[in-house]
């Protein structure tokens, strides 16, 4: 399991878009936790439907590959984070990310979701995960997520097929 | 309750001195003392209510080995809804800093402590000017900002940006200079410019006959808004800004800043970095002292001495360029390390040059000190007794010339100074000659220190830490013994750069004692007396204007005085 | 007074007009050597400076017409003092009247420059001038005493050379040298003007032609003072023989003394006005006392 | 939902007592933050459960109730937040009746809370539906959307025995989330025909095109560009709604085209149940300017940048400040208010 | 002064962001991205040299930098601007796109590199929505 | 009272400028600099660089000066003194803006208490009717003594400028 977790590495957080109701809770909580910078933001995908987009902490993260200084790196816990002391603000991660996640913030550093590192250090869940009213955002290692998603799929099956 | 607090105080203390002092603080404060913590091995933070600040100041200033080091006002309204005042007291005998943290909401007045701690006078005025903190029990006036600055703008507050300030205040001085200033032109056609000290500087001297009766400092001409600027910068950009606080001793500021950040963020710096920093610091001391000796001789009219002092200094400048790539404002310092290594070849070259410098310097000092006018005009003038020096918490050669054996290199050791043995030249006369001799002796010591360091410098090539993590709202202190005295920087860290950065240059401390030195001095010796503290006005953000009062007020620049008195 | 004498006098006067800036150039070179520098490109540097000042704009202080006028007046007096001095020396018409005239001319030229600085009402120049006045009050006394005593001793020596009168001559010469040195406004007694780098005290308000004239006058005065000393020394050594020789020797000796003064100045620091006055006063009084004693015994 | 997401366990109070009036998303988020920073928090809720509109108006298939209950229980058990249910807080004697007041057993005076606690946070939300303002609105069978969905929830959970009506032909007036939810609930509860009537087109509907299309797919009818002019009443019971057809005009201040009635195009739609979802109005626990707390013309509580009202000790957050909005926005403003309460209380102690 | 190699420089702007006195500035307009270097404000700290990920900046020993007109002290390096394929906003230089593509070894579909970050997010959101809800 | 009499007409600026080539007196004006450039200015006077070789002399009054060495970013507190000092100079008036601060405001170009470099001061001077005959900008932080000497040479037309405005197209690779 450990190896699979390593392989899938970054997939530490999964957003269940079916459960998401687009209520902006994650965005607001993130904004609150990061001094007004929201790392998970909702975008209108059409028809007045808003869905959150945030870093996927990809297994083979292009931003890590493109970063010339190693500032963008994968931590031991699987989250892709920025090392401020190394970041030069070149914007390679911005250009490389297929999802357009990192941004350059003043005074010139890359900034992106760190899965609420200070909270995680204390053994807590990231803010968006903890506060999501529909539990649409799941966080954990690969096995937990897989199990959780399976349980949900089953529940849904029962719920919808029941009379 | 009170006993509990005292117990906590004792548990965070570093040694017996800090223990007994903190106990006394606990006793006077009682439940007005809110929190005590050790923020770093050498720094203890004490949070007290403003009501008890005056009592604490009394207790601390009564101790023989406690000196007032600096005070920083910080606008922490975004996080705490409060302004914070950090009074830094240092226990010299133990090397411990006691940071007295006083919160205030900007409305209520904080008791002024400038009556018990004389040195705090300017700090309070500056906090009033730039931060809008109010103080009770003292007269408040403008110190840093121009007279026509709008009352309600406090530039260092977080809720106002540079752009907004620029929109609200445009200097109208130009109009004044040309239209209204015509009369003034009669008085000061050349302005406040003093070519020998090379900074705009103002003192107001009140003179009866030949003797200076009183002196007042009017200045802060060089206020460039450094601290506000730094708040919008990255951690690694600020060292360059810090170096440009002063073009003579800039490196001390960048080292002090980096040390403060390293202390706040708990960064272990490689040993070689410490060595390199220390070597450059001492090199800077040599060039600065030579510069000062030259300028002092120039003020005394002995131009030949000035030329020769600078001739010797030029060798040091070339050496600096060899080691750092720059003649001054070396730019090799970053948070967590330095950018340029010192290799074997450079070590050899440095040693050679230093030997030459030493020989020439000896010869030069012998000749220069034998010039009759130099001796005659230095001894017995500008006397500052040790007691006054203590009251003003003077630093550096100025303090050492008055018999206080204070030196940050020994008392609050940093860098690689604990690897070398050196002595601290101290003279007890307190006159201009004593201060001169302290500096002359220090050059020998510095050369000695560099030679010792070069002999033991580690051969590793690790000069910078790999990476470090910024944490917001940590307090760090960094101190360095600059050529002019102790420099102390207070840094409160932010996410990407310093949240608040308070620079305290040595001149800031020493200049407050200059009026005392000037009292009773012959007018002609006023310039050399002012220069004897080695004032660095750009460090202090300030300048001097001379105003001689002979019945009516006149304005006269320093250099006129250097030629003699007014009848 | 034949044609040759007149032409000699005028020739010497003209040389004297051109020599001071050149000597200043040499002095600057020598001083630079002492300070291990190269100094000005040529000894003509002071000339170039003056020439430049002549074409620059004259920024006039308000009510400064008087100042400019006095500057030019002092130039005239200093030129005439040189001319008259040359005339006196060559024709050997030294008598109380001519000495008095000389002293009046020299002092006038000195004080006119001071007057000009005072008239600008700039506090810097006023302070500078007052300082100089303070110094002059003492120095003028020493100068007169020294000058007269030396001349008198020279006359005595030529008729009746005794060790005592030689001593009197030496004492007088010492007073003359010190007083002329101080009169030249050199370190440590340049307290009214100090180095050009500093605020330039008495001359602070001058610009362009006025400044040039002032500086030129100043150099002339230095030359006059050196000339006096040169005369006092040369007369003892070579006596009065040929006017041409006198002129040549005087010019040479004056130049040497001028440069020597400059070298001495480069070695010293600046005194304070009270210290300076006290020193000079003590020196002059003791010299005069010695002189009086010497005369009494002679 | 873990409202106390900032900490693992309670820090045991001691820093002060805060009253939160209203246990909706804003209030709960604020309570969660405050307990993490060592405050004792009492929540006053007029309903028998916490969660506010999140629990009582948003249907459970959107936000599962157990998620909210879990969070509330976490607050109650692990962080010892005291929930005072069925308690309405109001300022003054003349208590205003809002929707959802059925369960109120005791009424507390706001000024008393202000005196008792170190700080008070008002997060009473929007418990009053806006009326259409057409004749016949008081007739039986005309309900507000909020009333209807809320009614079903309390019936389903056994809190009330009163079953909301199931209509044969239901007309829902409005295009927002309340309207959509009311229509869907009534459809699910067995209404034969549900018509959603909106005065603009589907593109302008605040609930979003996607949601409406989803309802249409489920069998709900959509009718746009119509505005009710009259409720047709028969024997005190509703029998239909008279609509007028609209057309889109020039854009108004919100940027959406302004609908204009086409004169003479009136028609009547038969209905036995009319659900009105014309928006909600904030319901602060006070009337007029009681206690010095300022309220603007739309009954929104006036706050400064620190979420502080005119009264130093009283803060406000959520929909009562902003007007109807999203759950997330309410949570965000609740958190902001909570930090400011924390800052306020801390700084008061230090100075 | 510094010299910027027009071959190596990709116009990423890292030097601009580290430059303490903001002597290096970058101006992005519809057509071109101009990297401006104003010697008159340069403090010769060489942070740009140290920072440049392309090693495109070199130091020189020139000190005779005086000029009669302050505008003579301005150096400009002109890059092509890439406009977002979706919204048409200029956002990056063409060389930088190529460089990032090279670093990624063609890690994902190339044309996505020519889309601005905001549009990339929107595209992602749309893709997800399509998968989940079937709405186009 | 000092009044600049309308005498500019009587001064042949070109001729005077020509004379300056052999003798140029400078006045050092610190407008809030960090001392770095100022110390280098002193450095050029001392034995190692010794600009007296070129007939350059430092004077203590702007009235005597031909050239102002302006260092520093011009703080708002020094502004009126700076204007007065420049106004006090006789024509031809030359300015050497030294260092990053003097040329472009340096690291302080945009703080609340500085004007930000000589170009901005020049605009002010123009609006006040104070004319400056020639300006040379000497960058450097601090400005090297060699650069100061070169700057003076450029000012007097003894040397050619070595930097020019450049606009280079990036090479696509």
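Observations on the model:
Order as written gives the chain letters A, B, C, D, E and F; numbering starts at 1 within each chain.
The criterion applied here is as follows: a residue touches a chain if its C-beta (ideal position, glycine included) is under 8 Å from a C-beta of that chain, and two chains touch if they have at least 3 such contacts.
Everything numeric here is computed off the predicted structure, so don't read it as measured data.
Following the contact convention of this document, B, F is the list of chains adjacent to both subunit C and subunit E.
Put simply, the chain farthest from subunit F by mean CA position is D. Closest to the protein's overall CA centre, chain by chain, comes B.
Here B-D and A-D are compared, and the pair linked by more C-beta contacts is A-D.
The geometric centre of subunit E is 35 Å away from that of subunit F, both derived from CA atoms.
Subunit C has its Cα centroid 90 Å from the Cα centroid of subunit A.
Chain centres here are Cα means. That of subunit B falls 41 Å from that of subunit E.
With centres taken as mean Cα positions, subunit F sits 70 Å from subunit D.
Multi-chain contact residues of subunit C, defined as those touching 2 or more other chains: 35-37, 62, 194-195, 197-199, 204-205.
Touching of two or more other chains is recorded for residues 46-47, 49, 107-109 of subunit A.
Taken residue by residue, subunit D touches two or more other chains at 210, 213, whereas all remaining positions touch fewer.
Residue ranges of subunit F in contact with subunit B, taken from their complex: 1-3, 27-43, 46-48, 58, 60-63, 72-73, 75-85, 87-88, 106-108, 110-115, 124, 128, 130, 141-142, 144. Subunit C makes touch with subunit B in their complex at residues 31, 34-37, 62, 121-124, 127-128, 130-131, 134, 187-188, 190-195, 197-199, 201, 204-205, 266-276. Remark: subunit D residues 1-3, 5-8, 25, 29, 54, 62-64, 67-68, 205-211, 213, 326-329, 331-332, 335-336, 339 touch subunit A in the complex. Those residues of subunit C whose C-beta lies close enough to touch subunit F in the complex are 28, 32, 35-41, 45, 48-49, 51-52, 55-63, 194-200, 203-208, 211.
Taken together, the subunit A residues at the contact with subunit B in this complex read 35, 83-86, 105-109.
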